[in-house]
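Below are two complexes that have chain A in common, paired first with chain B and then with chain C.
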Partner chain A sequence: MTLTLLVQSVLAGLTNGFVYGLIGLGIAVVFRGARIINAMQGDLALIGSVVAYLIAVSLGLPMILGFLLGVVAGGVTGFLVDRLMIRPTAKRRGTEDSFLLVTLGGAFAVSATVLLYFGRDSYVLPGIGGNAMVDVFDAAMRVHAIWLIVISTGVVLALRWFYAKTAIGQAMLAASIDPEGALTLGINVGWMRTMTLALGGLVGGLAGVLVAPLINIQYEMGLLLTLKGFAAAILGGLTSPFGAIFGGVILGLVEALAVVTISSGYKDVVAMTLLIAIMIAMPQGLFGRRGRLGG
Partner chain B sequence: MGSILEVRDVSHRFGGLQVLKGVSFDVAPGSITGLIGPNGAGKSTLFNIISGFLTPSVGDIVFLGQTTTDRGIAARSRAGLQRTFQTPQVFRDLTVRENLVAGCHMRGRTGVLEAFFGLPNVRREMADARRRADEIIERFDLGPWREIPAGELPAGRQRMVELARAVMCEPKLLCLDEPSSGLSTTEVQTLMETLERLNADGMTVLLVSHDMKLMEVTSMVHALCFGEIIASGSLHAMRESPRVREAYLGT
Partner chain C sequence: MLATHQLRAGYGSVAVLFDVDIAVGAGESIAIIGANGAGKSTLVRAICGLIPSMAGTIEKEGRPIQSLPPHARAEHGVAVVLEGRHLFGELSLESNLRIAETQGSKRRNARFDFSFEDVLDLFPFMRGRLGAPVGVFSGGEQQMVAIGRALLLKPDLLILDEPSTGLAPKVVREIVAVIQTLRQKGMSLLLIEQHIGVASECSDRAYVMSLGKIVKELDSTDWHDQSLLAEITQAYLG
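What follows is the complex of A and B.
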């Protein structure tokens, strides 16, 4: 194996890792703030990328508008998921499993809708900087991938700040830790959950517009992303935004190294074996510890 | 000035079981009012009706002159009625200071976008909240545990955190449910001193407990037995009352 090949695979792993991490980030945000495992997280990304595609490619409007509205579409969908699916379930005293099932159903519905209107084809969303490449130690990396990494990192830092330094962030955490206690302090627990789902939706939409230029949009994209994102979030401890990105990067790197050292067909086997091993050794995840570390 | 809290002819039944029968009493401003009674007297049910966890079958809760019987828990808290729990309910993963900040501040419907975009405002708001939290933390002698997750503290200290968090909300009426349960004798002493100090600063307190020692801080006591108020008066009068002695002390 040459050095260039190694660097190339590390770069690919890093990029994929941030893709998984971004989805995991949304899952972690929603789990942390609402104790709901959102199986629609990947489909929020699908919605974000489809909206961006419709605006920027189909309508030919400026790319930046497509990006922004794609992100907003994710947020609005997150809001609607709470109002139309989570809230009625919670009113009937649904448990964590029912939320998971409801969102899983939502995920299939989104996927089927995209299949109905867009078919089985995949669509390419142009990335930031088009298809421009930069050289990193003789290996090539897309400019868009660098933006993906930079923006994801920024979002993680912003979320960290939000939970640690704003009263509403702390109220959100409080509402998820002890809803009853939060109510007695006058915190509007239902609204906090709505805000959490909307925030998760924004992160999902952002993931969509950032990921689509790298992996292409097609109807099954959501569930595949959710699976990898979920693995990333679990690796990171499920409640830590920083942990989700870190977990995603580990997953991406292991996959990439498995591709160059074994074969591409075994990348999932290697990555999931690692996941199982880590979960056995550290059931709380790498940054779990009841969700305190890693902001 | 009238009463802070009026319990008007409240009755409640769970299925066929009549738990409360026409209970009426007032909490006067500036008082520490006690509600005593043996286990099963209906204290907790009444407490849950006052704080909004239950809606009474019959009767009304009037808080600050307004009927609040049908208002939710959070709405009552925002109006100034603050409760604690028999088992201290703190936000376990948040530090002591975060517990206080989370409680007092962001209560309304506004939020996330403002937090992300209104930076200077949000910072000032947070700085104010932290300063107030620190003052209250000092008042409750919680300084050394400020940055420790509240769930890691022993029960007695969690009780103080819960109380401090309630005080942070600047309640007009502080309702405490069995606040001495699970506390050592010295901790109960500290709790009593804390309550007396809060009361001296003008806080009105409703204390629900079967702990007669703790009741020494009260100025007015109502004795509840089998869902009815059987006597009202000073703690001394309660101790002398044959009905209370019979029902409560068993002598």
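What follows is the complex of A and C.
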């Protein structure tokens, strides 16, 4: 194996890793803030990328507008997921499993809707900097991939700051750690959950517009992204924004090395094997807290 | 300050409280005593809205609050330290207090304006431990965090559900001292206690609860009459 090939696969792994990490980030945000596993996270990305495509490509409006509205579409969908699916389920005293199931249903609904209107074709969303490449140790990397990494890192830092330093972020944490305790302090726990899902939706929409130029938009992409993102989030301990990105990068790199050392056909097998191994050996994930502290 | 009239509440469709009438006057400290399972915590949860009322009314200074959502009741000046405390265990002490402080800042012109500093003065042990997650604190320390957190809401009425249960005698004395300080400041208190000695020391009057009903009211004279308290303990807390 040449050095160039190795660098090339590491770069590809890194890029994919941030893709998984961004989806995992949304999953972690929603799990941390609402104790809900959102199986629609990848489909929020699908929605974000479809909206960006409609605006920037179909309507020919500026790319930046497509990006922004794609992100907003994710946030609005997250909000609607809470209002139309999570809230009614919670009212009927749904458990964590029922939330997972309703969002899984939602994921199929989104996928089917995209299939209905867009068919089986895949669509190309232009990336930041178009198809421009930069050289990294003789290997090539798309400018868009670098932006993906930079923006994801920025979002993680922003989220850490948001939860640690803002009153609303702290209230969202409080509402998820002890809903009754939060209610007695006057925190509107239901609204915190709505905002958590909207925030997860924004992250999902952002993932969509950043990921689509690399993998193309296609009606089935949501569930695959959710699976990889879930693996990333699990690796990172499921509640840590930083952990989700880190988990994604590990996953991406392991996959990339599997491709060069074994065969590209085994990429997903290796990734899922890693996930299962980590879940058995370290149920708290690489960054999870050992045993939650009681209150 | 607070009054319930013919209050009925419970879990699901099963009523636990029946026709409960209690009243806490402004600046008064009222105790509710009763055996395990009498319904004391259920009453607390109904007052702060964690369970809905099935019938009857709850009035805060004459305004019905029984149909308000729980988070709105805190804004009306009703603060509660629930049984089990319900702290945010993995967050730091400072976060726990600041979250309450932010919520309390929404109450304008509150009668009692407890600041972050005031709470640290009331519980000096907190000063050195602001960065520690409250989940690792001892039971007594957690109880104090829960009280401090409730005070930062600047409440008119503070409800304490079994603040002394499970604590060492020395810690119970510290909690009693804090309750006495709050009484001196004129805060209205509703104190749930199993420990009748502590309850009598910390309150002006009392209600005895049994099987979800108020079965006895004790005025100030009776409530501080040691021989009568022994009888009550025999009859209702045995």
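One rule holds in what follows: the second predicted complex is superposed on the first by the 289 of 295 C-alpha atoms of A that agree within 3 Å, B and C clash if a C-alpha of one lies under 4 Å from a C-alpha of the other, contacts with A are read in each partner's own complex, and residues count from 1 in each chain.
Following the convention adopted for this analysis, contacts are C-beta pairs under 8 Å (C-beta built on N, C-alpha and C of every residue); 3 or more make two chains touch, one makes a residue touch a chain.
Source: prediction; values computed, not measured.
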Notebook entry, point to check: Putting chain B and chain C on the same copy of chain A, do they fit or clash?
Noted result: clash
Next item on the list: Counting touched residues of chain A, say whether chain B or chain C comes out ahead.
Entry: B
Notebook entry, point to check: Where does A:201 make contact in the superposed view: on chain B (first), on chain C (second), on both, or on neither?
Noted result: neither
Item checked: Partner chain in contact with A:241 - chain B first, chain C second, else both or neither -> neither
Notebook entry, point to check: First (chain B), second (chain C), both or neither: which does A:162 touch?
Noted result: first
Note to self: Which partner chains sit in contact with A:188 here, chain B, chain C, both or neither? Use first/second/both/neither.
What the structure shows: both
Check: Does the superposition put A:173 against chain B (first), chain C (second), both, or neither?
Finding: both
Margin query: Show me the chain A residues, by the header's touch rule, that chain B contacts in one structure and chain C contacts in the other.
Written below: 167, 170-171, 173-174, 177-178, 180-189, 292
Checklist line | chain A - residues contacting chain C, complex | finding: 167, 170-171, 173-174, 177-178, 180-189, 289, 292-295
Item checked: Residues on chain A engaged by chain B in the complex (per definition of touch) -> 158, 162, 165-171, 173-174, 177-178, 180-189, 191, 195, 198-199, 290-292
Check: Mind pulling up the chain C residues that touch chain A in the complex?
Finding: 48-50, 69-75, 79-80, 82, 85-91, 95, 98-100, 102-103, 106, 133-136, 142, 149-150, 153
Next item on the list: Please name which positions on chain B make contact with chain A in the complex.
Entry: 51, 72-75, 77-78, 82-85, 89-94, 98-99, 101-109, 111-112, 114-116, 122-123, 125-126, 129, 149, 151, 165-166, 169
